[in-house]
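Here come two complexes built around chain A, the first alongside chain B, the second alongside chain C.
Take a look at the complex of A and B:
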């Protein structure tokens, strides 16, 4: 027993460290944690305080009723305006237009949904971009390739 | 198609999210567990011929353990939030269980190494001066007792710690396999065999790594390699590699024999998509060749010179390290190449070079444990002195 002093010291040190961790953890746990479930309850209110950036699905229809109506009867009906353009709050403040809305004419926008992928459900029309554009191999895809033929009316009402 | 909102999630299931770092992570934790098991063969099961690597194995285990979380942190978008899982762990979360297992295992290994090196720490403290001496004295917890009785007490505690460490090491790594095995949606991962396969390949990689470290360390120090030790390691490596590969094959064979619907996607995955890394590297190059090489070392040992045995074992160990890495790669990347719906495949994954999750970062992370071991060896030699043998309890 008399030659185990170091082992007792180590055990004591270990207990001290564990106590420190357990007590220290207590102070690190956020205040409202666990109040209404296993999460920080205050996070809810911090999020509720934020201005919404997206509009409701028909938010654009108030002012762009012609385009909204065209889109609703076309195949892009399930695609939100904000997916192809930008969030409502980048365009409208207090019910009025205050900045231009982004118009994305880049082919990558369309490719995001229409590029042929084996893993993509067949109910979405897919094209092999290079084949569809009849590009020679090595030829770069022009930035605004798709809108040359699929013009804005066709895009809003495909 | 209904005119419902597609919202902002469409389309998903296109990218391979778990990158090279997620391949590296189970590889490194596997080395942690495997190296520890090698150490325990001596400390718990009294395989005295493994004494020359008993310290090396423990320090290797610790060195890999210290970097085990780095690949995950490099992969996370918000690495600074990683501690949340430790501060507010949820007991139903396997990920947060990892935090606790990791901490427990770290304590065990540090304690065990401290006891193993206590004599050397004290001797070093007595030889040095100034600040170094003060620090080393603190590390020795102020007790300079290296009498027979104290050493015997050390050995008893080491034995208990090592015995506790075996389940801890197995859980630490079994957990990694469990993480993959519990992804229900993934036909290639979702099997209860996953933790077991991971565990066995971890031990394989651990033994292989210790062989390589031992031979390298001996060459650097100009010491003789212990024939008994290497012969025994080669035998264990052969055994564990064989079990590992058998399990890996059994898993695929049962999938293919049952011909469930998941085979419709896993079959083409193995045949076409990961044929090179699975059949080529993991099965033929990585398993068959070491099986033959180690078979020669184990069964024909009478006809081999010591030099030949060392070289053959070294090569087999190196190949098995590659095999285990390719197994991790095939599980992690292969499991993501096909769509979870089983409808088809994605683009193949090629890791970038210079990004946060790229090849260069992975190599840097993998280098750190060796630097730690080198620094440790400089301070406290990893090689076990022969004169020490009688102080051992075995």
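Take a look at the complex of A and C:
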């Protein structure tokens, strides 16, 4: 058997390569990769772990039940509080208030929905803001133009 | 013997070296492929472990997204809500609104200033506009999605519910998926340098809440449904109404359906 050592060499090489591959895979391929498909299954749970910023639709009514009730009977009822204010997580942490909620009194906030536009369906009241304020051309729209007449009670219960 | 090895290009040592490389590569492919196949089958047969922050079974949901174009007022509340909920960087969009204006002669004007984030200015096309409408857009969460097929590292994937997600720890930022998405719904995040896109607010869905864009739509133009939930109203719209998908010719099988879409919508 003069060629035995060649067989041993080949066998040794094969075992060495296989060990290298298996050990290499162990370190290079993430643990949950391929558990549910060609991706890292743990990534799914990392997405789940992210904390929501917007509260549940009725979350604000837990403390502001008076405003919520007024708003529910007004025309702004379908509009979530967070559309005009800010996300709940900017105001509440672990069930307690830690900062004031933003109140945006700028006319642009109203114009987002109520500026008359070509193609805007007539589901809601629309005006051309400049025309409505009877501004001369070139005159800037005052920042709080809308809330001067349509105050917060009118907005929450128009 | 010596003569032959001089004549031939490949000696015994070289041959063994090459063979070892080849065998190693083959083993890598076989071990890898076999492993993922077995595990995928195990999951399909109900072997999936149910982890996560709460009792939530991904395989018992199949989310559908419906947009009624006749109800969209182009206010941009959805774009702003998405930005706040998901920390979307300025001038990048996971969802955006396009304004379509079609003239009587068939010219189509499409604009989306800042993605509709600050709504729209009165239009100045100068043309005789005969119809106009707003079209909200987002990832279509395609069943047969090009972005996942293109990803070279398995960072883009379809969740068991059918939501297309990105594993940003694995993404190498090659942007093949950004180029491959026919709907333009992906971008490379300017700070993480990984692919970013609509997650259908996955973190909210698993807590039983709806997406930020749907919750903040003041007219109900955006709707989220679950085809695996009995009596789901939105799934019923898809089942019974004349719904349209974007670029049906690409057979990407989107799960985002449009009601009242005009033929100009691409």
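Please note the rule applied: the second predicted complex is superposed on the first by the 115 of 158 C-alpha atoms of A that agree within 3 Å, B and C clash if a C-alpha of one lies under 4 Å from a C-alpha of the other, contacts with A are read in each partner's own complex, and residues count from 1 in each chain.
FYI, a contact is a pair of C-beta atoms (placed from the backbone, for glycine too) under 8 Å apart; a residue touches a chain by one contact, two chains touch by 3 or more.
Small disclaimer: the values here were computed from a predicted structure and weren't measured.
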First, second, both or neither for A:117, with chain B first and chain C second: both
Broader residue contact with chain A after superposition on the shared chain, chain B or chain C: C
Touching partner for A:4 - first (chain B), second (chain C), both, neither: first
A:50 touches, of chain B and chain C: first, second, both or neither? second
First (chain B), second (chain C), both or neither touched by A:29: both
Partner chain in contact with A:78 - chain B first, chain C second, else both or neither: both
First (chain B), second (chain C), both or neither touched by A:38: both
Chain B versus chain C as contact partner of A:86, first or second or both or neither: second
First, second, both or neither for A:106, with chain B first and chain C second: neither
Which superposed partner A:20 touches (first chain B, second chain C, both, neither): second
Overlapping contact positions on chain A, where the chain C interface meets the chain B interface: 9-10, 13-14, 25, 29-30, 33, 38, 54, 57, 78-80, 82-83, 112-113, 117-121, 123-124
Chain A partner contacts - residues on chain C that touch it in the complex: 16, 19-20, 23-24, 27-28, 31-32, 35-36, 39-40, 43, 48, 51-53, 56, 58, 70-77, 80-81, 84-85, 99-101, 118-120, 122-123, 129, 131-134, 154-160, 165, 167, 169-170, 199, 201-204, 206-207, 209, 212, 215-216, 218-220
Chain A residues touching chain B - in the complex, by the definition given at the top: 2-7, 9-10, 13-14, 25, 28-30, 33, 38, 54, 57, 72, 75, 77-80, 82-83, 112-113, 117-121, 123-124
In the complex with chain A, residue positions of chain B that touch it: 1-8, 10-11, 13-14, 86-88, 90, 107, 111, 114, 118, 140-143, 145, 147, 149-150, 153-154, 157, 338-339, 341, 343-346
Residue ranges of chain A touching chain C (in the complex, touch as defined): 9-10, 13-14, 16-18, 20-22, 24-25, 29-30, 33-40, 43-54, 56-57, 78-80, 82-83, 86-87, 108, 111-113, 115-121, 123-124, 128
